[in-house]
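As written, the chain order gives the labels A, B, C and D, with residue 1 at the start of each chain.
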Amino acid sequence: MPKKKQLWSSRFSEAVDPAVRKFTSSLSFDKRLALYDIQGSLAHARMLGACAILTRRDVAAIERGLARVRREIETGRFEWSPDDEDVHVAIERHATLIMPGYTHLQVAQPVTFGHHLLAYVAMLERDYERLAECRRRVNRLPLGAAALAGTGFAIDRERVARELGFDGVAENSLDAVSDRDFAIEFCACASLVMVHLSRLAEELVLWASPRFGFVRLPDRYCTGSSIMPQKKNPDVPELVRGKSGRVFGSLVALLAIMKGQPLAYNKDNQEDKEPLFDAAATVKSSLGVFAGLIADLVPVPRAMRAAALEGHATATDLADYLVRKGVPFRDAHEAVARAVREAERAGVDLAQLPFSKLRSFSPKIGRDVKGILTLEGSVAARNHIGGTAPAQVRQAIARARSRLPRARKRLAKSK
Amino acid sequence: MPKKKQLWSSRFSEAVDPAVRKFTSSLSFDKRLALYDIQGSLAHARMLGACAILTRRDVAAIERGLARVRREIETGRFEWSPDDEDVHVAIERHATLIMPGYTHLQVAQPVTFGHHLLAYVAMLERDYERLAECRRRVNRLPLGAAALAGTGFAIDRERVARELGFDGVAENSLDAVSDRDFAIEFCACASLVMVHLSRLAEELVLWASPRFGFVRLPDRYCTGSSIMPQKKNPDVPELVRGKSGRVFGSLVALLAIMKGQPLAYNKDNQEDKEPLFDAAATVKSSLGVFAGLIADLVPVPRAMRAAALEGHATATDLADYLVRKGVPFRDAHEAVARAVREAERAGVDLAQLPFSKLRSFSPKIGRDVKGILTLEGSVAARNHIGGTAPAQVRQAIARARSRLPRARKRLAKSK
Amino acid sequence: MPKKKQLWSSRFSEAVDPAVRKFTSSLSFDKRLALYDIQGSLAHARMLGACAILTRRDVAAIERGLARVRREIETGRFEWSPDDEDVHVAIERHATLIMPGYTHLQVAQPVTFGHHLLAYVAMLERDYERLAECRRRVNRLPLGAAALAGTGFAIDRERVARELGFDGVAENSLDAVSDRDFAIEFCACASLVMVHLSRLAEELVLWASPRFGFVRLPDRYCTGSSIMPQKKNPDVPELVRGKSGRVFGSLVALLAIMKGQPLAYNKDNQEDKEPLFDAAATVKSSLGVFAGLIADLVPVPRAMRAAALEGHATATDLADYLVRKGVPFRDAHEAVARAVREAERAGVDLAQLPFSKLRSFSPKIGRDVKGILTLEGSVAARNHIGGTAPAQVRQAIARARSRLPRARKRLAKSK
Amino acid sequence: MPKKKQLWSSRFSEAVDPAVRKFTSSLSFDKRLALYDIQGSLAHARMLGACAILTRRDVAAIERGLARVRREIETGRFEWSPDDEDVHVAIERHATLIMPGYTHLQVAQPVTFGHHLLAYVAMLERDYERLAECRRRVNRLPLGAAALAGTGFAIDRERVARELGFDGVAENSLDAVSDRDFAIEFCACASLVMVHLSRLAEELVLWASPRFGFVRLPDRYCTGSSIMPQKKNPDVPELVRGKSGRVFGSLVALLAIMKGQPLAYNKDNQEDKEPLFDAAATVKSSLGVFAGLIADLVPVPRAMRAAALEGHATATDLADYLVRKGVPFRDAHEAVARAVREAERAGVDLAQLPFSKLRSFSPKIGRDVKGILTLEGSVAARNHIGGTAPAQVRQAIARARSRLPRARKRLAKSK
């Protein structure tokens, strides 16, 4: 699609990704319900035929009519996250890459980059689980509830449920008509997905800032500025971060709409569709652009290492070392705190203090302390399930990867 | 507890329930975390002993110390909904009681009171399912994550998890430290519970209003007015309705707090406890007072029946009758609409129009129409799973009751 | 516009109002910003010409070009509430009409219908004030802030501000670029408007329910049901009530988006437009349909009076009467409470108890009590600013009406 | 107050500020309403005396009783932001200090530190204005509304209003009883204050991170870690950032509580106090700790300058230079973008490219370009109201300072 050149395009070496362009534009849902309606009407008509409420001829006529309507509607299809496998490869390639782990945005302890990214795998796996449970719970056939009390015609609800792929029938007609749990629960799940993506987004923005420089984002996920010729802005993560607010808003809207409504249907409920559809589209597109962006993220090991070396990141390791030598933790903590103040005074990292200086803070410090104070020594020591040691990270990736095929199979089945 | 008499007490025949008095006062959570802390510390100490990181003697000393601290804390225990069985009995006794089913607060079709209450059973069963799934998902041991990167000591996380009754260990130390999904997911589940209770609350307030008069609330769930001597106010349902807003607020607070935070821990997270504890307490106490109130609710069949007879509630039945006689639905609908206008002009309910008058709207109307237009005929016709026919309602109660023991067993196990 | 007849139209005596039809469909904002952009560009170009940064010829060429673009855009205009005066007339015609005042949806004391509606006048006047203050505060020219630091060209910001009708210039370029207070404050004001309209909506739904029957809504503000031929549903108030949730959602979205953003501009802010525009459109259309609906609302005095007579509405008047006769308030309250219990036992309203019976509750009750116990006596007694006495209500309407022209003048000026 | 030493205290050179310690603990409001109640009761009693509804003796007795109750309550007083003047001094001392202005957290253009802080002055001035308007609007006497319809006693509402310092009387008794606008509007204002503080908090956390190092926070506003001996965490800004979520939650709770309530009072409204009080306390304490923290913030000019020199911050100045030499903006932008790519290739800042190299991108570049490319040249060029030039910043501080005394006077009057 030959587009008019953007003012800032000379700064960039590749074009903006079409998915990114689409992401920044709004999505329309006008036709989606129509197609589901047709599918439901077909199953309904066939059941009425089987129950002899409609003649075979009526059913055939209805089938022909609906097929024609369907053809007249042009469908628009989305594909979920292009290639999850890529993301796992990206994480694995980096299992031994060391970066500073932060708390309070102050250097805390060294961690591996793979370990850091696996934290998001854990979050997204919980999201997947929640959405799968939500789907199973809400996937009940409401047909037969009629206006609110059920229908006087002798219909076969289970048959329609089976034909349309529902997991069962709604057990109460008043509930079926007035319930909007499905919309609220979905938006709550979607809000949690967005919380997670917004945290990753915040980190990507920080890491891409020149002050950190931990990663380079692919040009096609960035935009420039029409005023400032030097800019390369991490628009995609920022927009995902902003869109989390939008999904929270949809959740709040639905809660407020449903609160305090008497049974059964009230017109208030017409307001349920826009927030629900908007939340679904936002989560889908946000996951989509991030799947591509993370797979092509370029880490900058030198910058990560430099940052890990400037905040006395192995101070805890020194304290643990002293504890293992029999020093009570409180005393060990205090000795290391004094060593850190000395290092700050000298303008060096704790690990760079000369041995004699270090030893002055505790006679228990021996020559073997140097291995303890390296970044590699620190991460290797955390060697248990959930720890940041490279061996553990590799095992965690293997476990996560083994869970993927099952998830995919379930997804395929539920389509 | 002999209390000072309220100004309005002469209007009432029983005293306010102590649980209600407690419900209106705020709850304190000061001691709750302490007890869980002690339990966790004990398991941790024992594991460190088993791993030979602490000596047997140290472990014994720690156990003694913690036991003493525990005794010093006075525990405050809550009991979940006193007797769920009562509620089911209440629903069953009324399976044949007919009331008007409303949509848009206009009379729609007659339904049975039991069928109406079963709609809330369906909502609360979804709530139970959600909370059970939430618990299973979040019930992971974080211990071992240490500051954020894992610990350098050779600990046995699975052992501690088993001893404390966790369903597993948190798989990633950074996630374990920074995740607050457990708080957000719980508050989302709690918000849905409150949506459901607030809808029941709205209906109770309406039904207790003199204009409806469908139910009488037990005096002990009401309060009077210090100005107006005649008042008996449905305070409890109104307060529950109001408290739904409070739980939504907690959910929003947590979403906003977590949004866009870089890993791992930041002090923002200290703000997680108050909304979480407050939501838990609010849901617990709201369920508690409603369990008692619903069990003792007194329906007023005469008022329900009178209301069901004033809104042409069986108009749909007449349309369906004509359809079964071969009249196209559109024509049947229009004929009945004209009959309704005639009934309004005459100041009577549709069912009260003389046969000759009725027949003037469609020659297909025969003498058998009278059975169709009664409330009993209307509800009996809706005889399928989820329908309002008394037979169906009884079966639905039986199914709901059979699910109770399993739920109780799971609850008991999870305590 | 000859539309296909709705299935339910035979039940109705007038067609659905076109404004109502529009209200239920979604609104598009695609062209709105474009027109404001053009206006801004014109003023900017003229200023640059006056500062000799552009030649006179350039300015003329730009003016021609923009005028052509403008013509190519078709404008869509909204009109604020058609005729506020009508609403005041509606309130006045009813200043002496008595209805039950409720608290807790239990009959409290009689009030006049005009007094009740004036409560909403008070709420909407606060809304008007808030929106006017918001406009004055946010109506600052941001131009000149450029990317974030200001511009290096010697521009005249005050001139542009004057020409475009701004109340001043933004005082800080970083703030001008990153501030979204205008969107948040507007959505907060809009949320309050919707809180007020949703309360009126709730009352209209109640009042239009057959159980109350206090008002008749014009047919053109209602819809029927495609299943139930007898239905006339108060769709418009219900939809307004539901739309309040939508506006709250927009407010929450904006707060979450802006929270914790570093200065100056971040792409998150692109998410500001949809919630803002949506909130503005929702408030505008909701006010519009209510202005028409309230003006044509038909009160049913007989139903209001019957309801006011059934809840011992003048019990407080009796207590006050005893107080004026020297009975301590606590004793008066208790005596009346006992009288109310007696009336309930007898199945009559307090006012219908025979004099001898009444007197048995307090010897201070004299023959003059009858005037006290009438609805007219009760409302007439509340004769102070803010009270429900007809004389006070008429004065309050006069004061509200006198404030209207000023408000209109300010509105006209600010357009 | 000699406290037990914190585990991490050896790392710090000053103790944690007592206000900070208080800030992290929760606040109790138990006694606040009581004092206002007493004040109101006194005025009420005196008015009743003046209207001869109470005897002079009764009034005196009531006065004595209330005075005794008041003495029994110990008052807890807060002081608003200790010394606003300090903050302005802090901003002025730095008007010439240059730092990088960011958009998208990428270096955009140089700005002065004073200019940056003035953006927050602009935000907080809007907050002040909003709160002042809110107070004036809600400061209406509700007394006299009684239960909902007004009172039958001949009271003088204006007199009580004057005596208690209200700006007027509530105009409608139903509105006075049921309105909670004051709580919602205050929480909306409070939410905006917290949005602003949370943005400043985010910047302080970034600036205090070793990767930025732009500022040093006073030790007394930080805490350490009980695990990691080297940590100095910016707890106060993080907690303020987190507390913004809490205030949003209160706003949402109140909106949801009030939505759809029929007039007049319902028990739902009892839920109004906790969110309102909590929001007030949160805003007050957050402003308080920030006032102290900002006044003692230590900027690190060297780090700011280094950061401003690494992102081609003067690229826009070069483009503007070319435009002034007659190059169309689009061509100028493209030439500079190419120069930036060359500088990146060479690993230097744009300003460090040799003249010959620079000139190769446009023949219009002359020797005078060097002054344009310096940080000082860039900020000095933005010399208009709202621009970042030191002269403008000094004038803006003077204007802000001149507005302070008026604000203080109004505050004092309103107490």
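Assume contacts are C-beta pairs under 8 Å (C-beta built on N, C-alpha and C of every residue); 3 or more make two chains touch, one makes a residue touch a chain.
The structure displayed is predicted, hence computed values, not measured ones.
Considering every other chain in turn, the ones in contact with both subunit A and subunit B prove to be C, D.
Interface comparison, A-C versus B-C: the pair with the greater number of contacting C-beta pairs is B-C. In terms of their C-alpha centroids, the spacing between subunit B and subunit C amounts to 32 Å. Each chain gets one centre point, the mean of its Cα atoms, and the points for subunit A and subunit C are 40 Å apart. Contact of a single residue of subunit A with at least two other chains is seen at positions 102-105, 108-109, 146-147, 205-206, 225, 227-228, 233-235, 238, 241, 244-245, 248, 251-252, 255-256, 259-260, 266-267, 316. In the complex of the two chains, the subunit B residues touching subunit C come out as 7-8, 10-11, 102-109, 205-206, 208-212, 224-235, 238, 252, 255-256, 259-260, 307, 310-313, 315-316, 318-319, 330, 333-334, 336-341, 350. By the touch rule above, subunit A contacts subunit C in their complex via residues 24, 26, 146-147, 205, 225, 227-228, 233-235, 238-239, 241-246, 248-257, 266-271, 274-275.
Interface residues of subunit A facing subunit B in the complex, by the touch rule stated above, are 101-105, 108-111, 115-116, 118-119, 121-123, 126, 129-130, 133, 137, 144-155, 157-158, 169-179, 181, 184-185, 188, 191-192, 194-195, 198-199, 201-203, 206, 241, 244-245, 248, 251-252, 255-256, 258-267, 316-317, 320, 378-379, 381-389, 392, 396, 399.
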